[in-house]
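Chain nomenclature is as follows: A, B, C, D and E, assigned in order of appearance, with residue numbering initiated at 1 for each chain independently.
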Amino acid sequence: MILRPRPTAWQLLYILRGTVLLLVLPKVLGISLLSCLAVLSIRMDWLHLPSSTAVPMSLLGLALSIFLGFRNNASYDRWWEARKHWGALIIELRSLARDAVALLDDGADPGTPVRGHHDARRLVHRGIAFAHALAGYLRGYDEGDNLARYLAPDELARVRASINPPDALLREMAQEFATLRRTGRLTDITWQTLNERVGGLSAVLAACERIRFTPLPFAYTVLLHRTAYLFCLLLPFGLAELLGWMAPVLAAALAYTFFGLDALGDELENPFAHVPNGLPLRALARTAERGLLEALGEPLPEPLLPQSYLLM
Amino acid sequence: MILRPRPTAWQLLYILRGTVLLLVLPKVLGISLLSCLAVLSIRMDWLHLPSSTAVPMSLLGLALSIFLGFRNNASYDRWWEARKHWGALIIELRSLARDAVALLDDGADPGTPVRGHHDARRLVHRGIAFAHALAGYLRGYDEGDNLARYLAPDELARVRASINPPDALLREMAQEFATLRRTGRLTDITWQTLNERVGGLSAVLAACERIRFTPLPFAYTVLLHRTAYLFCLLLPFGLAELLGWMAPVLAAALAYTFFGLDALGDELENPFAHVPNGLPLRALARTAERGLLEALGEPLPEPLLPQSYLLM
Amino acid sequence: MILRPRPTAWQLLYILRGTVLLLVLPKVLGISLLSCLAVLSIRMDWLHLPSSTAVPMSLLGLALSIFLGFRNNASYDRWWEARKHWGALIIELRSLARDAVALLDDGADPGTPVRGHHDARRLVHRGIAFAHALAGYLRGYDEGDNLARYLAPDELARVRASINPPDALLREMAQEFATLRRTGRLTDITWQTLNERVGGLSAVLAACERIRFTPLPFAYTVLLHRTAYLFCLLLPFGLAELLGWMAPVLAAALAYTFFGLDALGDELENPFAHVPNGLPLRALARTAERGLLEALGEPLPEPLLPQSYLLM
Amino acid sequence: MILRPRPTAWQLLYILRGTVLLLVLPKVLGISLLSCLAVLSIRMDWLHLPSSTAVPMSLLGLALSIFLGFRNNASYDRWWEARKHWGALIIELRSLARDAVALLDDGADPGTPVRGHHDARRLVHRGIAFAHALAGYLRGYDEGDNLARYLAPDELARVRASINPPDALLREMAQEFATLRRTGRLTDITWQTLNERVGGLSAVLAACERIRFTPLPFAYTVLLHRTAYLFCLLLPFGLAELLGWMAPVLAAALAYTFFGLDALGDELENPFAHVPNGLPLRALARTAERGLLEALGEPLPEPLLPQSYLLM
Amino acid sequence: MILRPRPTAWQLLYILRGTVLLLVLPKVLGISLLSCLAVLSIRMDWLHLPSSTAVPMSLLGLALSIFLGFRNNASYDRWWEARKHWGALIIELRSLARDAVALLDDGADPGTPVRGHHDARRLVHRGIAFAHALAGYLRGYDEGDNLARYLAPDELARVRASINPPDALLREMAQEFATLRRTGRLTDITWQTLNERVGGLSAVLAACERIRFTPLPFAYTVLLHRTAYLFCLLLPFGLAELLGWMAPVLAAALAYTFFGLDALGDELENPFAHVPNGLPLRALARTAERGLLEALGEPLPEPLLPQSYLLM
């Protein structure tokens, strides 16, 4: 995620990082060059074009704008929905930690005041591990180091052997809550309260999997790509006769807008990708980690800060 | 569902699988041919057309774009909502398995440590059967083999005799939970927790039925089809005088865009159909199956992988 | 609801049932005729019209398209929301039946194994009656026959005397659940579970009442109707000079699209009306009925099937 | 709220009540007059205008249509959301009444069969008072009479002294439920069930306060008003040269559409205002009142009916 | 937030406060000046421009309108969603206060009638502190004074030392509820009820953090800014030849609309910023404070009122 102050008009000229400019520049230049050729061909009388293509071209362009608008809306909705699920992750983890500490770590356990603290600590650490495991799972990274810091070796081994490490962690949580209930450390109601947090994390996991592994329908994407190419390739021939040497300028402006929107939709479609406009999963996992460690009263790692405006 | 890397500009030229190109090609060629005829007729002086039809045509085209945009949005929403319900299915099944194993299979059942394991196993297997039964029910397939692997023969018979096999499975689940509660194996609260999962699966089932059996209003679809045909059939006559021999090119581009969007809307409208852009119900059911078997510690079947980019 | 295969291009020419064609045909013909008159008047020199009305006309038409688009979206949302509530009805009824049978009809009631079955049966029958009563209430029909089949005579009398029969049925349900709880047949938690179903049905009822009795704001509808008429009546004069004898064709195409969208919005606005594009309340109630009777193991009535593609 | 049959084409000409026609007529006439002046000035050679303003004007008009479309959507969403909250109010009140009667008024209270009835009655009456108090609070009316009919004098005094009467009523409810629980008349679970209704009413209250006291962002409204004025004031000069004496007609049609949409957005923005297109809060409160009194078996007041199509 | 009556046509001319006029005026004047230069250059024959740029310009402008429309919709949704979360805050706090007072402050605590009142008071005061702490956290202010009034000194110290003061307050709440439950003052169910309020506040906090710290994707914003600049800078050259000295007027009107929408989107994107169109967090926190103090029967501070129409 790019975090920087609103760029000034001047900066808009040259900012590249996190924008789609570099991605679309070759295409824009190509269209502009094609326009020059078209104008030249007309001036040289190599080519005869009807002068009134502007209206049908603008009809095609308009249809394209409307469809690109809807599709970008859909891509942005995926991006924002993904962020909401990571927000829900933070809600669930904080609630888990808050309730686990309040219910178990009360210094009131008869005879063994330390046991409660240990139990709460293990539960909260497992929650932190879940956040890291989810980030790694969605990005295809191995978050082994972060897991090793918070899990016991045998649990770590079980989790890493799973086909779905975050889901394996949820099963470990549920097992532990069931054991605490069976041994009378949790009543039915307090067990239910804590177990609902596991259900909430499970919902976050499945929602993120849905966004990660189900792209927009292929036919939709291809149809829009094809229409965008069709439009931009016809553009030089539509504008050359009308505009003369202003055609390359306007064709470039239009190609930039349409290819830019198209590229942007591609980038937002997968919000978990490790790209500049992707969601900063590591920073979010670190935020959760710090909050949970504070709840335990343990020392906090540094927050992750943007590096040259980029937060990953 | 088509799963393949973003196609390059070059691939866009020839990719057919999973796109609507083949569906709309005959219509596009027809419109293009009609344009040629119209241009020819004008050149041959067989036909006299006003030269200023472009503006009213573009008004009709614009109205059509806007309405197609809204309708495609509605179709895509159905598709994505369907995917969300299958995500919810996975959430509910995993939670069911997690809680059933944690609550029942604890090796702590006095005297009969094995009984708990058997109970949990039967409950989880029934959950897997539900996923397969739902996929079969929505696609009109018989998933008998997959059911037989996870259900006892008498239960299988009851389920297959039902007018709604997934719903019959839910009743079996509810019966078993009620029995476990009555025999004291579940308390009221743990019964409530597990029974809520059955409620969640019931919600998924009814939502999928809604999407499957309630198409978009017929009048809506027909109105758009008719307007699209009207527009595309008038197009050659609107463009011929203006554009001359460029008319067939632009008419084809416009017809491709509009018929393409229209066909795409049709394809996304029923996300459970067994078509390239449909949801990969079998692969999703397999994903659920693998997760649930892992929760039981049983051997996993292979995941379903895309066959030449196509996942069913 | 119209249920038929996607019409072919050929069928689009003549399908009438369930489309809005008949509704808008008189208006379309009127506009077309007016166009002929306008062209004739110009040719006869009776009328002098500026030739450049196309641009302002297209501005008015575009504004109209956008607003019609938004309004049709709102109408469709009402229609789809209504269908969702009927989906929720089916979820709640099935869950009610599933839980009532599982919790009460267990053959384990000490001494009176039959009582449990009778209680469950009465509860489930009342649920079926609710579905029929709701359909009748929303459509203004008397569903007395369907109610009489499932309710005891005194209850039937109370329900029919009520100002809101479905709501009266919910009160009967709540009374019975409270009695079962008081007599110890339900514990607090199982009572809560069943009573939540009554709450869910109450939510469905109130949501359907909202959609049924609160139309879109009158001023919104009137403004759009007026703009549509204004536009279509000005159209002949805007196109006559430009297009000559092609004006009636294009005016008819435009009038068909705009009046058609307008009429479609009217039809979808009240999804419970007994019209071809309305929701098939009776068929949905029958679906619920069949599922609930199967849960009781009782004989099923036939499902309602579309009659010449029309399902009511 | 205006409730009347769909107006015929003929009625559209003269219906005023509940439409925004009267509001925008002066502006429309002004624009039309300005157009006449512009045409006259051109004919008289007092003014020279470029003839090709139509395209830039239509660009401005289109941008305006799109933004008005989005804003009207936002206003309508507020209106419909407000209606949904009043629907939720009815759900919560009916459920409160249903459960209060079923749980308390059972004639089974040992020794004092009457006490249960009195308790249920007081609870239900307080619910009715809540509906009236909310309507009064949102409209700035004093609903003292309606409150006095359903509240004891001391409670009425406390409620009317509060800064937020509906909220004060909710506190009274919560107090009474807590007392019933403390005295053993409600168990923890039945208390929880009834208390959740109070939470639901609290959610309705806060949501209505949000819609009532937070208008759309002022800058948004002003920008659209200014653009609408700009557009409509430039219109006569843009159309005069092109259209001659047809300019006043088209300018009026466009001004009617744009000012009308703008005025409509204003009217829907505050759905609780006491205007023709506002929500019929009194009628809704009366509907709730009648349903609750029926649940108690008490005599019902008449429903509020539309007066010359207008329901308040 | 600006709260003032709908401005009259006259006031629209000069109102500045809370509108984006001042922000965009320099740009609008710049574009207008550039137009004058372009017209002058043409008149002086310094520059030759094609006269038919209007159609491609309007295509670019239309694409821009559509994308700006979608983006403003997204910004407005963030703004309204933020307001909804503050509405949820008020719901949760009122419910917390209502239930805490009803359950604890009953004068029925055997022997120590005062203790219940003190407990309820401390819980409610902590709720008020949460509202102030959240406002301060989201706006980057120190709300120390408001916290000190409602928190004990040691708690205040802990909260202010936290990396996330509102979250620290939630942990204090959870601790206190757990203690009340452990000492038997709350049963499992009443504990659950009150603890769910803490969960609700946690959800509000995380949702506000999401909106506050995750801007719209940078690439989206930059693409729109660049397209808006491109369009407005090309505008003078597109209009000069066509419109002559009317070009500066129309260019200014268009630049005002597009730059205005763009600036408005920026302003609504961060609804917690301390700007005129931001949400009035302090006033909302004060509203919550007054309601909660009334629930305790304590004296109320004055409500915050708009200062020259501006409520912060």
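Going forward, a contact is a pair of C-beta atoms (placed from the backbone, for glycine too) under 8 Å apart; a residue touches a chain by one contact, two chains touch by 3 or more.
These numbers come from a predicted model, not from an experiment.
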{"item": "Those chains which touch subunit D and also touch subunit A", "value": "E"}
{"item": "Inter-copy rotation, subunit C to subunit E, in degrees (Cα atoms; steps of 5)", "value": "145"}
{"item": "Chain centre separation in whole Å, for subunit D relative to subunit C (CA means)", "value": "23"}
{"item": "Inter-chain centre distance, subunit B versus subunit D - centres from mean C-alpha coordinates, in Å", "value": "38"}
{"item": "Two or more partner chains touched - positions in subunit C", "value": "55, 57-58, 62, 66, 69, 188-189, 192"}
{"item": "Contact graph of the chains (line, ring, star, complete, other)", "value": "ring"}
{"item": "Order around the closed ring of chains, commencing at subunit A, then subunit B", "value": "A, B, C, D, E"}
{"item": "Residues on subunit B engaged by subunit C in the complex (per definition of touch)", "value": "27, 49-50, 52-53, 55-60, 62-64, 66-67, 69-70, 74, 162-164, 167-168, 170-171, 174-175, 177-179, 182, 188-189, 191-192, 195, 198-199, 202-203, 206-207, 209-210, 214-215, 217-223, 225-227, 229-231, 234, 237, 266"}
{"item": "Contact set on subunit C toward subunit B in their complex", "value": "1-4, 6-7, 9, 12, 15, 18-20, 54-55, 57-58, 61-62, 65-66, 68-69, 72-73, 76, 79-80, 83-84, 86-88, 90-91, 94-95, 98-99, 101-103, 106, 108, 187-190, 192-193, 239, 242-244, 246, 249-250, 253-254, 256-258, 260-261, 264, 267-268, 276-277, 279, 290-291, 294-295, 300"}
